[in-house]
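Each of the two complexes below includes chain A, the first together with chain B, the second together with chain C.
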Partner chain A sequence: MTRFLWLLARNQLALMGGIVLVLVVLVCVLVPVLPLRPPDVTNTADRFLAPFSDGHLLGTDHLGRDLLSRLLWGTRLSLAVGFVAAIAAATLGSAIGIVAGYFGGRTDNIIMRGVDMLMAFPYILLALAIVAALGPGLLNALIAVAAVNIPFFARNIRGITVGIAHKEFVDAARLAGKGHLAILTTEILPNVIPVIVIAMSTTIGWMILETAGLSFLGLGSQPPQADLGSMLGEARAALITNPHTSVVPGVMIFVIVISINLLGDGVRDALDPRLRSGALSRPRPATNVRRESVPQGPGEGVLDIRELETQFHVGKRIYRAVNRVSLTIAPGECLGLIGESGSGKSVTALSVMGLVASPPGVITGGAAFHEGRDLIGAPYRDLRRLRGDRVAYIFQDPLSTLHPLIRVGEQLAEAIRVHHKVPRAELRRRAVELLGAVRIPNAESRVDSYPHEMSGGMRQRVAIAMALANEPEVIIADEPTTALDVTVQAQVLSLLDDLRRERGVAILFITHDFGVVAQMCDRVAVMYGGRIVEEAATADILNAPAHPYTKRLMDCVPELGGGRRKLDAIPGLPPAVDKLPPGCAFAPRCDKVREACRAAPVAMTRAGGRAVRCLYPETDIAKDPA
Partner chain B sequence: MGGYILKRLVSAVPVLLGITVIVFLIMALIPGDPATAILGSYATPENVEKINRDLGLDKPAVARYFIWLGNMLTGDFGRSFSLNRPVLDEVLERFGATLVLAGTSFVICSVLGIVAGAVSAARQYGLADKAITFAVLIGISIPSFFLGMMMILAFAVERRWFPVSGMYAIYGGGDLPDLARHLAMPAVALAVVATGVIARLARSAMLEVLRLDFIRTARAKGVPERRVIWHHALKAAMVSIIPVLGIQAGFVLSGAVYIEIVFQWPGIGRMLVTAILQRDILLVQGGVVFVAACYVLFNIAVDVVQSLLDPRIKT
Partner chain C sequence: MTPALRLDGLSKTFPVGKKLIGAARGHVRAVRPVTLDVAEGETLGIVGESGCGKTTLARLLVGLEPPSAGRVEIGGKALDNADPAAFGRLIQYVFQDPISSLNPRKSIRSILEVPLKRLHGMDADERADRIREILASVNLREEFLDRFPHEFSGGQAQRIGIARALAANARILVLDEPVSALDVSVQAQVLNLLAALKRKFGLTYLFISHDLAVVEAVSDRVAVMYFGAVVEVGRAETIFAAPRHPYTKLLADSAPVVGRPLTAPEGKDTELPDPLNPPPGCPFAPRCPKATNICRAEDPALEKMGDDQFAACHHPLDAET
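Moving on, here comes the complex of A and B:
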């Protein structure tokens, strides 16, 4: 609660709204004891006095009544009516919602049908109908406005109640022999009250506005009694000659409603945990780059990642997701990047083309050279031109990575069209051709399918086709088969392997599965806690892993026909990258750990084509060179 | 698609019947008897009886409901005593005027609201976002009737850009430019609140969508950012924006009553207020049922549009 109030107070606009509202309410409470002129005494000699005239701070209206006095009395009335209407609607609506949600079944069905019927009316129309039946008058307007808002509460509270009605504590109360009424009032109600209060705070502004509206139409408060709405309604006749009589009540309504809205927004923001961490920030078109040091080019191979550092800045915490990672991919080569989830392998891959969600991602160092150019520092325009054209991506879950509302053929065609001018008919032909190339049967008809009409394997083939569309030099495949079942996985892998060999495209293949590495990759780099811990040709690493982590990772893979062998999970958890230890990140989980491992960062040892970041490796790579 | 529309129309029948029942029940609450309301307190008993017979008030409520419903289905909404003309004729004529006003407003608030929301999301925390958020806050807090009055002062009295009120000029008007000149201020005044509500929702819907994986895919393909926002993100966000457009249409349609009063627009809202004050119950009943029914049909159209946009909805 204190935290909530603190969050609310920190929101300056909400605080401002709150203060204004409190002031208005305070003045309204004090109205009877304030030295005001009587609000209803007419004095036609002093009609339409301008504001700031003698004795009338805000002037007088068409009957010579003091506007300040009428304004404050009117505000008092409007607030009271709005508040009572909100309480009435909240009480009745919530009662209906709780009953419907708790009893469920037929009771629920009948009640909610009725609520739906009420909601089928355009809002104000229903209020008009009720006032028409009851006759004009402030009380009737209040009833109408409350009644119109009942469905809103009933529906919201029913939803919450349905969620609570089957919780254990309610079942327990029932088994303990409590009656329905007792359960409703002692178990359910306390749990829905906060929701009711929030719903009320967001609707009370509306209700004040709506009752003012009905009074404005002459259907609410009747003369001489006046709320803000009827003051405005009466002043309308003199709008052109004496606008101040309209402006005074109008501005007051505006001030009340805007401060309620500000406060309501603040309450909502303070209660919504997603907004607190800033998680609702939208990612920018390219990752933010703030590098302190930039390695010099031109780099080797088709893609040369050097000393890459990517961090996530969340509040005051810094997560070092990628920590000085260097990788080189030769033309046509398939390099595997393997590690547990959270090791930083995906972030490494996404950093290359500036696709790390930003905020909170920031690239703080390093470079990625492609044809002599550093992609990390490249302006968005250049980056966009290369994305999907020279360097393409395949992502993990093909259901969420394809646009759900666009036909796959169009999505394929778009991949080409944003880079090359191709006539429409030709685009479609190319899309069909690409679908054929990834072995999708009936490609001709499948181009018009939506993603949800395809199977997971099929969708991933579409994603592969999309990556191939412009014949890129490098494809970065981020766990492309993880979301697929095993047989489909094998098909997709062999397809990728064939395409790579046919077209000579280089692949950076990210996975957590050594089985997949063995099948696909020429070389493999092992990543742990944001660093590369071992790198070697696939065969070497499979035969003789050097880093203890690599060894443990390989022990996790079951072998078909490998006999009975204990499958070892690695004890402990991967490190939290905002609290990395000073020494080897794997040390806490390593069974060969010694004092030196924890003391200082471990450097990469290189020998031949192999490299390992370990003081006491499983295999001496210098003696056993590749 | 035709099947889907038919299915939705059939499912609307109970809702429409429910609307007539609710209106009938509300009207049955009326204290006192309508005959006195029509004839005044000094009516002779014979005349009261005659009126009651004419209105069918001597029959039980259930029978009265079905007679009323049956008459409406054959296009007979009764006769307005205050105007002395068939209710349906008056309702149709007035509803046409409201439709022009509310329709224009609906187009304004949909287009402006969605564009503002999308721009706001695309430039989150930027200058445009802050300006739009601020304008939206003002917009949703200002009562439309007050805004309308201030617009009259500013743009019809101070500067004579637009006529003060009415739908057509009394002399020599009646053509389209004349209508447009009269329509401009009321349509804008009516649209402001709804624009704000839609812009808010569109902003948060866009922010939700912009974080999704397929947006990253589009960017990875090299789709220009402008197209990512206005094609990929907006298309997906529309799925959650469209239902709100349906709700806001209801607000615009019924909120037109205030604007019609302020700008002397000869619409159905103003007709209803007058009818309520004169206790012309048949006219109120007919008008309310007619507008509510139109709104139900409009919402079916919204559902159909939604199903066209989202192929995942089973049609």
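Moving on, here comes the complex of A and C:
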């Protein structure tokens, strides 16, 4: 709540609107005790007095009534009607929307078609019809305005409810014995209330205007009772001769409506979860780089990541997602990068091509050498030329990486066209060839399919084909088979392996699965808390892990064929990378921990092809190079 | 002895393309008749790939969906009305996604109180005692009670989900992919917790997962589902080592295992059958290396093969493999 108010106050226009509205409401509340002249007492001798005349600060109207008094009493009435109408419309409309969205199916269909019918009438016509049926009067005008606004709330809230009604917590509540009414009021309603508040704050000004409109036409408040609309209506005849009688209520309507709208926009912005995270601005095309010292090139292998440091700066917190990570990939090699979520493996991969969203991501150190040049500091133009051409990515979810409205063949062609000038017919031939290369049957006809027409495995093959399109030297595959079923995963993995050997492309393979690593990778690096803790040839790590974390992680993964057993869980949770301990990040969970582990950062020990970041490793890598 | 849970020809068909008035365009048989017994204190694993009907089966079991045919018996008594509250005292559900199964606007205390109040009508003092007891049994600290779901990690949130299922005091828990959203190191913690709770309270589990190794590690028996039907049931130790149904063998061969060379165990272009237009006969026939004419004509029934293994196949694999 305090955060909501802080966000609201940060928006200066909303703050001003809020202050004006509070003042107006305060004055309206105090009207009965203010020393005002009676608003309905006529005195034709004093008609049309100009503002600032004696005893009448804002002058008088055509019957000699005090305008200031009528204005304040009228505003009081208009505001009250507007608020009541908004609350009535919000309550009824939201109730209709929640019921329709929750029950769905036929109930939803019938209710929403009724609401559609209500919407099909122009609002003023509908309001006129309601007032005509019920007779003129402020209460009936209120009913008309509320009824006209019900569809707006019903549709809005129904949309939100449909999304919530299928959440698992609703099922859980049913299983815990709650009935429909209890679920609607205690599970769903608390989740839609912010939306109702937003919708109300943006429509209440509109409702005040509508009520004024009906009163202006003589259908709302009846003489001699004043509200803003009827004051305008009565002043219409004297618009030219005595404009102040129209200007006074007109200005008040303007002030009220604009202050409510400004405040409403502010409330909407402050409640909107997307704006809350501070990610309002669009991420930049390449990650921000702020390095103090830069490692010297030219680097080894086809991709050489050196001392890479990537951080996320959110408010005052600094998340050290990647902490001085070094990795070298030889041509044609498959290097596995294994770790749990939050260990920094994906951020490492994205940093190479400057794909970490900025803000909040910042690369604060290190380099990534490719063919002798540093990709980290490279200008955006160069990065863009290299992305997808020399270094390509494959992501976890092919459904969200492929464009849903473009045929896969065109997406493949586009991937080639942005980097190379190739004639159209040739592009199509290449696309078919690529689909064939990833073993998609009937590539000739599949090239014209849309992504939704393909299965998950097929889509991932298309994503692989796209990564291969420009024959890159390095493919960075970020959990490419995690979203797939086991039988499909086996197909996709063996395809990737074949392609790597045929084409000599190097792969940085990110995963959390030791089984996959064992089958795919030549070498493995294990990440924990943003650091590489162990690196070795795959067989060495699997046979004799040196870091306690690697060993414990392997022990807690069940392996097929082991039968029923108790797993050796690692106690505790992975570390939060904004609060890393000064020493080894694994120390709080390690059963071999000693004083020295907690005291200072542990350096990487290298021997032969192995490296481990541990003072008391499980295997002496120097003695036992395996 | 009466089984703790018996499914008798349980099936579910969803209409597709329903209009405001008139009949549906087609039907998808999400669960084809399933008959299974689960013994008291047993863990029955259910494995299958996405779309095989395992989650629909779970929802039928706890009454979240009414079955199209067949029935569920718990402790010898049929539960034929689809009233989740009636089911709730006997059988409970642990959801896959721990975060979205907790209402973001409710404190942990109010989430845990609901089943105690609604299903058992406890008063405030009894509830407070019981919540303390449950929380201790899932290794969570009491200070968590007044916090909200977004403050928890996945593993902690899943413990809360398990605590809620325990609060209903049901003897049977349906665990729908309870660890697949968790990191491996946390996954083992939750699996061990589940095993400990089972011993302590004498629970019966239905453990649904797509991960063969996890299912094998926690189950007494395993049922393999394909295209809405159970195609093989057997003891966890033997079913993957000596499968009788070719699909079970395909699954076992596809799982990545350390030390096994990388091969795709089947052709690279096989696809699942279209659920709107299922092929006649065995739905696995188009992918099966042993398929013959009878497979494409007749859907095989689950038959006893060996001591305690059942498979639905016209040409089962040999026992010694």
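In this text, the second predicted complex is superposed on the first by the 386 of 626 C-alpha atoms of A that agree within 3 Å, B and C clash if a C-alpha of one lies under 4 Å from a C-alpha of the other, contacts with A are read in each partner's own complex, and residues count from 1 in each chain.
In this section, contacts are C-beta pairs under 8 Å (C-beta built on N, C-alpha and C of every residue); 3 or more make two chains touch, one makes a residue touch a chain.
What you are looking at is a predicted structure, and each value in this text was computed from that prediction instead of being measured.
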First, second, both or neither for A:Thr401, with chain B first and chain C second: first
Touching partner for A:Ile240 - first (chain B), second (chain C), both, neither: first
First (chain B), second (chain C), both or neither touched by A:Ala120: first
Chain B versus chain C as contact partner of A:Glu187, first or second or both or neither: second
First (chain B), second (chain C), both or neither touched by A:His512: second
First, second, both or neither for A:Val257, with chain B first and chain C second: first
Contacts of A:Lys178 with chain B and chain C, given as first, second, both or neither: second
First (chain B), second (chain C), both or neither touched by A:Phe169: second
Partner chain in contact with A:Arg384 - chain B first, chain C second, else both or neither: first
Contact residues of chain A, present in both the chain B and the chain C interface: 113
Touching residues on chain C, where the partner in the complex is chain A: 18, 20, 49-50, 59, 62-64, 84-85, 87-88, 92-93, 95-97, 100-106, 114-115, 118-119, 153, 155, 161, 164, 167-168, 183-189, 191-192, 195, 210, 212-214, 216-220, 236-237, 240-241, 250-266, 268-269, 271-272
Of all residues in chain A, those that touch chain B in their complex: 113-114, 116-118, 120-125, 128-136, 205, 209, 212-213, 216-219, 232, 236, 239-240, 243, 246-247, 250, 253-254, 257-258, 261-262, 265, 280-283, 285, 353, 355, 357, 380, 384-389, 392-393, 395, 397, 400-406, 414-415, 418-419, 450, 452-453, 463, 466
Chain A partner contacts - residues on chain B that touch it in the complex: 15, 18-19, 21-23, 26-27, 29-31, 121-122, 124-125, 137-138, 140-143, 145-146, 149-150, 152-153, 157, 164, 204, 206-208, 210-225, 227-228, 232, 235-236, 239, 250-251, 253-255, 257-258, 261-262, 269, 272-273, 275-277, 279, 281, 284, 288, 291-292, 295-296, 299, 309-312
Parts of chain A lying in touch with chain C, wherever the complex brings them together: 105-106, 109-110, 113, 167-169, 171-179, 182, 187, 190-191, 340-341, 439-441, 455-456, 485-491, 493-495, 497, 512-516, 518-520, 542, 552-553, 556-571, 573-574
